[in-house]
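Next, two complexes with chain A in common: one pairs it with chain B, the other with chain C.
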Partner chain A sequence: MIEKGRISASQLGKILYMAIIPTSLLTTPAITFKYAKQDLWLSPIWAISGFITVFIVLRIYRMYPSENIIQIMERIGRRIPGKIISGIYLLFILYVNGVIVREYSEFVVSSFLHTTPIVVISGLMVLVCAMAVRGGLEIVGRFAELFLPIFITLFLFNIIPIIADLQWSNLFPIFGEGIRPSIEGAFVLQTWFSEMIIASFFLPFVADHHNAKKTLSRSLLAIMVTLSVSNLATLLLLGELTGNYSYPFLILARYINISNFINHLESLYMIIWVLGAFVKICVFYYVTVLVAAQWMKLSNYQPIVYPLGLLLLLFSQWVAPNTQVLTEAIAGPVTLAMITMFVIIPALLLCIVWIVNRLHN
Partner chain B sequence: MSQFKYLINRWSRSDRQRSVNRDLQHTQKTKAALSNQLDNNLQLLQKVYADCSDIIFHNFWIGDQIQAVLIYIDGLTNTEEVDQHVLAPLQKDFPHEYNLETIRKKIAVSYIKQVETIDDIIAEISVGNAFLLVDQENQGLSIGVSQWKTRSIEEPSAESVLRGPREGFIESLRVNTALLRRKVRNSNLKIRTMSIGTYTTTPIGIAYIEGIAEPDLIQEMMSRLERIEIDGILDSMYIEEMIEDNPYSPFPQVLSTERPDIAGAYLLEGHIVVLVDGSPSVLIAPTTMFALLQSPEDYYERYVGSTAIRWLRYLFFIISLLGPSIYIAVITYHQEMIPTKLLLTMAKSREQIPFPALVEALLMEIMFEALREAGARLPKQIGSAVSIVGALVIGQAAISAGIVSSPMVMVVAITGVASFMVPRFVVGIAVRVLRFPLMFLAGFLGLLGLLLGVIVILNHLLALRSFGVPYLTPLAPVQSSDHKDVLLRAPHWRMNTRPHLTGMQNLYRQSSNQRGINHQRMTMDDEEGGFYEL
Partner chain C sequence: MNYRRKISFILLALMSCSLLLTGCWDQVEVNDLAVVTMTGLDLTDENQLELSVNIARTSSQQPQENSDSSSGQLTGKSVILSTTGNTLAEAVSKLQQQLSRQLFWGHNEIIIFGEKLAKEGIAEHLEFLLRHPETRERANMFISIGSAKEVLSLAPQIEHYVADDLLEMAKLQTGLNITLKELMQMMISKSQAAVIPCLIIETKQDHQQSYPFIHGSAILKKGKLAGLVDSSTTRGIMWARNELDRGTVTISPENSEGYISFQLLSSSTEVIPYIHGDLWRITLRIHTLDDIIENTTDLDLSVSKHIEELEMELEDDIKRRINKALTVAQEQMNADIFQFADAFYRKYPNIWKQNKDRWSDIFTKLDVVVEADAKISRPGGTGKSILKPNQE
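Now for the complex of A and B:
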């Protein structure tokens, strides 16, 4: 097998959590607020695509425990069409990762290092991620494992000090305009929930596979709760203003003021952000490298890590000319594309596999 | 391109595989056996030991009739014992019938070994044993009368404790194994020996507890040691660098200690201890990052305090790595993080400073490291003078001359103190080296650069293994049952299991019911007669 390392199921759960939460924490509240208004915090509960993806991943995993969905697509699609489909997927994952790298860099540049060229920020991050990915699956898993406690501590440290300042009246009316706005607001969140599909690429390397179902559902639940809590905190603190900021959660960090001494902790948020983005980019980077190596039938993926990193850097520059376009793209086309690629096509795949198996029997 | 290849080849030629054994054939190694003629044997040995002024050939007669020669190294052998227990019994009233067996029985020394080849004879003599050659015999007797001056057992100065045993290993392998045996009085404590070094033939002891240490681990250690072909081993560091998993890492992957109690504790956890003759530091493998941050005293003080001190140590370990770079990042890029009043004071003290924070910090850190090195290498009397001068130069004059600001001095001082808190000097060195690139990163990219630097270091640590054990266990990969001895120092009655990666085949180190007298009374009063789970 191409990957020699093994991870535990709990590591997989942590990988998924750390791969989905960081960027959604940062960007979603503003976009969700546009549609859901004060029901912002209810939107993460409509994690439909998350449930569907987890279901698909687990079903396929049960049928083919040693292959990921792209390998199965190649298997179903036969030689040429299969290669074309998996090639498209390879490019798409690369593209998604490019979006993530860009999101990360845009945030760092706009909030902290205003004059630094964006290529430098992206390039350094991709370089660091490449080192980790070259280390293999185990390293990525251990990074997720190591950073999760730090991440959660900092997350709580961002929320707990402002509890006293929260305006609970911002919460009402709950379902003021019915259930619809919260579902509309949940639309963009489906992008992140559909990312649960990456579990398919890690499951073949999980040592204790009987825990797979438990760990996937747990991490999906944890993601929903975290998003809900962060949205709630943002809403209760900022109220109607939530939509005015591009990074509302960052404002929370700015708001912290403990006895006039500990204040202006945006840089603390940057730590959360860099750690989270690092794991997220690593995970997608690793998936890209793995898929590319399998696509080209390589016996070892290490040699293609750095070349793909260069491509990733280029993609991150190509995805959008500026922040506004990027945010719009995430709210519209990227979401649609991701739902198609990560939810609908895998669902079709599952149906086909199921029918093929039936016919064979 | 071809030129480049040529250069690479030329450069690597010096590194090409070579076995030192071939080069060493001119050392008089020979498998030749002894003959029956004493004169021949003597000539052979005298040739081998030509120009060795410390070798003594003593001719004498056994019982006035047989010629014999006693060979030993002056200074390594206890001559008094030779006179009283070897020469005296042999020279006085020896019976008519004689052979090696009767001679052997006459000698009043407990270690006697029959030796036939020149190789073995040389090995025996080098250790300090006296060698007895007898006429008409093709074998000789090696008599264990070796004795040389060793240092007495003292408290190791690098690892002193307030409470706990104060004895330390010394330079003699036998004394060290005895110290270990005194800690673990059990026949399952096995000590294998081998010798490494074509010239020094340094004896090496490999100690482990059978039934606790993994057989694979022992096998791996033996094969790594057997691989070594070197001219000499002068300290255990030679071995340490040759058996590491990643020889390029700045972090030690083998723990070295001078304390028998630490070695004993690790033996009980399934680790292997390598003792090297001539070095008071023994090597313990495998090890983890957290083992290197532990002090023996953690286990000899009350657990609450020990846990707190352990956390303090972790905190200061991070400070010693990141202190100056955090300061640089904050003062250069993130001034808003500093509370306003403090910022004003700092700005005032930095007003006169001509350098950016990075240059200032580099100046001070390099100065500090230089002073530290100077102080450590000089004799004690001069060392204190260096530190006084250093304190004045760094602390006072540099500030009043307006070269560095006083907050910078504080940061450097705190970092210095923090690096002294790391109980293992080797880790301290790794941290001191890594501090500088981090300072540059912080100076160029602020907290972001610092974080990326930390991630790169973590990436290295996560990939690092010590004899197959991941370096950051039990944090990553998580092994929650081992957290009791890393995140805490659990009370001894809670330390029920051995660490998972080394002690798996004999996991439980004690019964689960060790909480002390009150607890026992409670369980006895319990009507159900059951035991409380801990």
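Now for the complex of A and C:
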């Protein structure tokens, strides 16, 4: 086997949480508000694609405990078509990671380091992630485990001091225009929930596999709750203004003022953002490297980490010419593509596997 | 030995990291910054926007007393500069040309609009402030009677900067305390009306001793100044908007001479909308807790019967104040500064949607019921007045 490291099921749960939450925390309130208005905090509850993805991953895992979905695609698709499909997946994951790197750098540049070239910020992040990924699966898992408590502490540190400033009346009317707006708002969120598919790439290396089901559903639930809380806090503070800011959650940190000397805390959010983005990029980077190595049937993935890092950096520059295009892409085409690649095709795969197995029996 | 070497290597690596933390492109040195503590926006006679800023002197050199430089004037520890432009961004870039340091907006805690500018509309100038990544959402907003520049040029009263003086005044909440975020929320709310505290200048013979303070408030409709209201009406507005935190209320009881003053301990206002057919009604339910701080009447305040009467009188006084504010808002300005529109939307989203175009008509005829519930908790340090032994 290409990867010799092993992680525990609880580490997998932490990896998933840290791989999904950071970027969604930043942008979802603004995008969801566009459709859901004051119901935006209910949108994360419609995590349909999350449930479907977790179901698919677990079903496939039960049938092939030592392979990830792309290996199974190659197995089902035979030689040539299988290679083509898995090649497409390889590029798509690389593209998604490019989007993530770009999101990370766009935020840093637009809110903090205005004159620093974006390549430098992306480049440094990719370099650090490359070092972590070269260390292997266990390193990535430990980073997630190490940073999660810091992440959650800072997240609460961002929300609790602001409670006094929240206006609960912003919450109403709940379901003022029926249930539809909150479901429409949930559409974009499916991008993040469909990312649960990465569990499939880590499950074969989980030592205590009987805990897999528990840990997956727990982290999905934790993600839903976190998003709901962050959307709620943003709504209660900003009300109708939520949709006007590019990064509403950042405003929370900026608005904190405890007895006039604990204020100007946006650097607090910056820590959350850099830590979170680091783990998120690492996880996707690792998946890319793993898939690429398996695709090329290498015996070791370490030699291709840096070359793929260079490609990742290029992709992050290629995905969009400016922030507006990036945001529009995330709210539209990227969401559709991710639902197709991470939910619909794996669902079809599950059906095919199921039929093939039936025929064999 | 090997272990030690490893540790010292790691420490060295960590320490060298701190050298990189300053950044390369975005490195900012405090002595390269011109920290803006206060901004004033005015409209000149040529219809140009005049931007005035109060910049804190961060250099070690102390200014000479009363010296005037050509570009601006010195007051204590700050420098006042002003430029004009068509837009705020243009004025800012012109201002930058006059400065040896880079403007920094992160500590701009006070934004003042001149009365004349407010009449023309402030909405478009807020755009720059919201888009700029450095400005604070918590900055306090004011409208000055007269020009904003004048307020900036005054010397501080107690604190180091005028901005600190104003900030502390706003925090005491004897007048309104409106931040940039709250102003924006009011302006984009369903009622599109906002209220901002006003600044007036207490003029003294010596210019150095004049100081600004918060007095009354200004009502904005769709971002334009609709009118000014005095301090006591502002108090009514604050009761209705649930923004009153502290303050002193003085009443003169009906059946005795003299005055009784109360100190407000806490107060909360509930806004309850109600629609039945064509009847639109708002009930304002006010709960307040007060202490007695002065009594010059013949009433013996250690008697609980008197306290009950006083509670009634206090309630009447609150109602009077709120009704005064309501009259101004409904009849004179037709501006829904209490955000009643949003209250209706929150409870009756569908009915609101059908009637949102008629809101200004509905608002003028809106039936507002004020229910006050005042509690006097304790009579203060003395029961019977020491100076008036004949109290009953």
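The definition used in the following text is that the second predicted complex is superposed on the first by the 361 of 361 C-alpha atoms of A that agree within 3 Å, B and C clash if a C-alpha of one lies under 4 Å from a C-alpha of the other, contacts with A are read in each partner's own complex, and residues count from 1 in each chain.
We adopt the following convention: a residue touches a chain if its C-beta (ideal position, glycine included) is under 8 Å from a C-beta of that chain, and two chains touch if they have at least 3 such contacts.
As the structure is a prediction and not an experimental result, all values here were calculated from the model.
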| item | value |
| --- | --- |
| Chain C versus chain B on the shared chain A, clash or fit after superposition | clash |
| Partner chain(s) touched by A:F112 [first = chain B, second = chain C, both, neither] | both |
| First, second, both or neither for A:Q302, with chain B first and chain C second | neither |
| First, second, both or neither for A:Y255, with chain B first and chain C second | second |
| Partner chain in contact with A:N263 - chain B first, chain C second, else both or neither | both |
| Chain A: partner with more touched residues, chain B or chain C | B |
| Contacts of A:Q324 with chain B and chain C, given as first, second, both or neither | neither |
| Touched partner set for A:L146, first chain B, second chain C, both or neither | first |
| Chain B versus chain C as contact partner of A:G176, first or second or both or neither | second |
| Steric overlap of chain C with chain B in the superposed model, located at which of 5-13, 113-121, 329-337 or 347-355 | 5-13 |
| Interface residues of chain A shared between complexes with chain B and chain C | 112-113, 116, 260, 263-264 |
| Sites on chain A touched by chain C in the complex | 110-117, 120, 169, 172-173, 176-177, 237-241, 244, 251, 254-255, 257, 260, 263-264 |
| Residue ranges of chain B in contact with chain A within the complex | 330, 333-334, 336-337, 339, 445-449, 451-452, 455-456, 458-459, 462-463, 470, 472, 475-478 |
| Complex interface listing, chain A residues touching chain B | 8, 10-11, 108, 112-113, 116, 121, 124-125, 128, 131-132, 135, 138-139, 141-143, 145-146, 260-267, 270-271, 274-275, 278 |
| Contact footprint of chain A on chain C as seen in their complex | 23-26, 106, 130, 133, 136-138, 171, 181, 184-185, 188-189, 342-343, 345-347, 349-350 |
